[in-house]
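Below, chain A partners chain B and then partners chain C, in two separate complexes.
And then the complex of A and B:
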């Protein structure tokens, strides 16, 4: 199983590197968008999947990072790379603030608090013209410079996004397997018991929000640069629901779940174009079927299949704890 | 005589005017096992929860090693060396058995930020394996805790309370719902922890032979007040206790 996993990972990585070379610019744009949204979903997966804190504000945090970079580069002439710590720090801080209500309310109440926060952020983007350009948005956001490579070339910028996403995947993997990951799981499963074992529930709850939000904010910087133009609409509430769908349909609390989920949510509508006006209908039905029959998402579905094949192969009665 | 490990003075707690715990005094010496018995609703769990910071007492104080720890939250108390189990089974079902134990110990050393960069087992593996052996859970170490039988989960729950080498452990019905065979295991384990490893604990239990066999001293609560305190033999013979709780 271990080697199989490495081989599968290798093939996947090769595809990520080689496939875009065969695509037209729009295809490359879609793939860039996908790898960036993977990171946003990974962040939400830390908050929601691992730490069990529902958040419907992820698109808002993505917007905070995107606007930070857009404003600093176009208005103040900052270098793209210098805006990254600001975009990350600001979204981390806002995530921390959104985390505070989670110390008092949980589940659907928390969902409404975070949802309200997303609307608030959206309204700031749309109405504070002096800062954000309002509904007209911000134009001419530069691509970053990197070792003299022309990042205006879609393929070059795609590779930059890919390296960024790989680094963030490694970061998520590190957090999840560290003692923090265990504490997040404890927070999700039984906060009262965790507190009685010395786990600082308050700090971990706030961290879960702040880290998940920082993943989105940092990605926002790259997203703004990818689009070269931003307006408030991609950061509206419905896109937060999309990120939620990515985490859940891919498989929450798994490392590759968000990658699969982001692919489904982003690419499926493209593939369903042939269905024209019916695509949303088909798409919605597919999601409903998946959630009804496999609430653990695509990764859960895969694991079930592997387990079923394993059982058929083994046949021998497995030893069960008594 | 040295100061008691745990000292509770004049502790009271009311809910909407009903006194659940009323002016309770007691002490626990180092190395002692104190049994806490009484009818349902007599205030045993409320008393526990006041001592453990789950509830804030209306009056009274709690001292650990002479230091005032009244009103500290459960996390702070855990880090100061008080472990506990809950009346209802509380393990983390999705985590492996070993991870449950590692979690129970990992927050007691180092800094928050340091733990992000520690090895995944947070340096707790040796201690966890020691307890897995002691509680005879070693062969289940990598199974998710949720897949264990009720009795095994109960053992794990108790083991977690002892993971961080606490000075004092408060056990709320460790024998509750455990089958008779395993009951003997739990009792002998707790006795070993006390006699060989010097663990101190307070145990709430309804199973009389279990609690009388284990405890050095027994305290009886009735209607939120201490009815009697004494050796198991004294308690068994106490007329008031028989009337209030033990029956004929």
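And then the complex of A and C:
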């Protein structure tokens, strides 16, 4: 099974590298957007899926990173790469602050706290014209330079996003398998028992928020560069709900889940456009059916199918006529 | 077997030839428009009017003998999606792009048409759109910099307002309009006694209405999106306000009248395009649109209709399909209804792509727009 996973992973990576070469700019733009949103969903998956702390503010953290890079590059002439630590650090810090209420409240109460934070951050983006450009947004955000490659070329920028996403996937993989990941899981399953075993609940709750937020903030820098323009709307509450849907529909607490979920939320409506006026209706119905019949998401559905096949194979010899 | 293969090969060759020939007989237009989300109501009017214009042109033989092939792509009223779908449209190599209407979407995606060198005829009204130096962008309606001066003159000279309460939608379009109007009012000596922002898709207007009603203004100026304008009007009448109420384009639009019913009565303002204007071609368009769709067109439908005919006129002036020559053919040009009846009113396009023509002061009476006065164009090109 382990070998099969490596082979499947290799094929998937090869597809990610080769497929965009055959696509037109629209397809490449969608793929770039998808790989970036995978990272945002991975961050939320660490907070929600692994540590069990619900957050409806992921789009807000994405916005913090995006605006940080946009402001520093367009107003102060900073190099894109120098803005990355600032974007990451700022979103990490804000994640820590948002994490504090999680020490007092849980579940839907916590959801409302984070929801309030997202609305607050959106209002800052929209109303503080002197800093963010308000409703008019920020234009002409530069693409980063990298080893002399022209990143205005959609394919080159896609490969940069892909490398970034791969590194972030490796980071998430490492976190999940590290003592931090095990502490997150303990926090999710039974905080009292985790505390009795010596897990510092306070630190790990705050870290779960801060790391998840930093994933979004760092991605925000690339997202601003991809669009070359930002305004407050992609960072509103409804987009945080979309990120939540990515994690849940893909399969929370799995590394692959956010990737599948981001594909489902971002790419599926585009594939369904052939249905013209009905494409969003069909999309909504598909999501409802998935959530009703398989609340563990697409990865859960896949696991169920594999288990069913396994059971059938195990039963098969006894069913043969003798 | 070989005969079958030969037959298949021949059929494929004929099919390929007819596909190529078909492609040569058509010209591709892409419409990037709000068909879902909070812009769906206005985008649907645009789409239906564009389809109507395309059918008329195709029925009359097309443009320079080529039939128009139109594809509508839904922006979901989302600037990011509008950029993605415009890229999709550009991948299909369209001759011209029509739309979108939301200014925030146009601001995000117009860089793509500029890079691709494809003409874009938008329904957006934010002043900033034609101030970016985009060489091939055009409007079919007034930008705020054209419409607002007429409205402020009306407030000063007709209503004699010295104090005005402003209520506006806090997005790029609303804020742009509010800024333009506020500057013009300051120059005209009109004091802004309340400056109230509202949200896109806001439902409850009670607190905002209370603020503008209690501000002690001589008139209220409302600059909200269509659905929000209707909700604002309902709350305004609920709170018993019957003083002067003016708006620019949206407040007195057909969509708002349909949604607000009798509560829209008494609203006044400036509108660039209306099917109730005393212009035969506009009224005829209104009748055709209603017969086709079963509803009245607002100004967005008229914008979409004119956009298709403007592209036709530019092409016929050049005598060829030439994206590079498109801007040269239209910028600085006067297009009269004698040249092309589909533009519905004589108009002039300036060097930035802004449009100038007559416009109307209207009042809503018994659920209908009633034109009070016809205002001349800003420029003196009609003379």
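Just so it is clear, the second predicted complex is superposed on the first by the 315 of 322 C-alpha atoms of A that agree within 3 Å, B and C clash if a C-alpha of one lies under 4 Å from a C-alpha of the other, contacts with A are read in each partner's own complex, and residues count from 1 in each chain.
One rule holds in what follows: a contact is a pair of C-beta atoms (placed from the backbone, for glycine too) under 8 Å apart; a residue touches a chain by one contact, two chains touch by 3 or more.
The model shown is predicted, which means the values in this text are computed figures rather than measured ones.
In the superposition on chain A, contact of A:231 is made with chain C only, not with chain B. In the superposition on chain A, contact is made by A:277 with chain C only, not with chain B.
Within the superposed three-chain model, A:30 lies in touch with chain C and out of touch with chain B [touch as defined at top]. Once the two complexes are laid over each other on the shared chain, residue contacts for A:137 go to chain C alone; chain B is not touched. Looking at the shared chain after the overlay, A:75 reaches neither chain B nor chain C.
In the superposition on chain A, A:193 makes contact with chain B only, not with chain C. In the superposition on chain A, contact of A:185 is made with chain B only, not with chain C. Per the touch definition, chain A reaches chain B in the complex via residues 175, 177-183, 185-186, 189-190, 192-201, 203, 321-322.
Those residues of chain A lying in contact with chain C across their complex are 24-27, 29-30, 33, 126-127, 134-137, 139, 227-229, 231, 233-234, 270, 273, 277, 279-280. Residues 35-36, 73-74, 76, 78-80, 83-85, 87-88, 90-91, 104, 107-108, 111, 128, 170-172, 174-176 of chain C touch chain A in their complex.
Chain B contributes residues 52, 54, 73-75, 78-79, 83-84, 86, 90-95, 99, 102-104, 106-108, 112, 115-118, 120, 122, 140, 143, 147-149, 152, 160, 163-164 to its touches with chain A in the complex.
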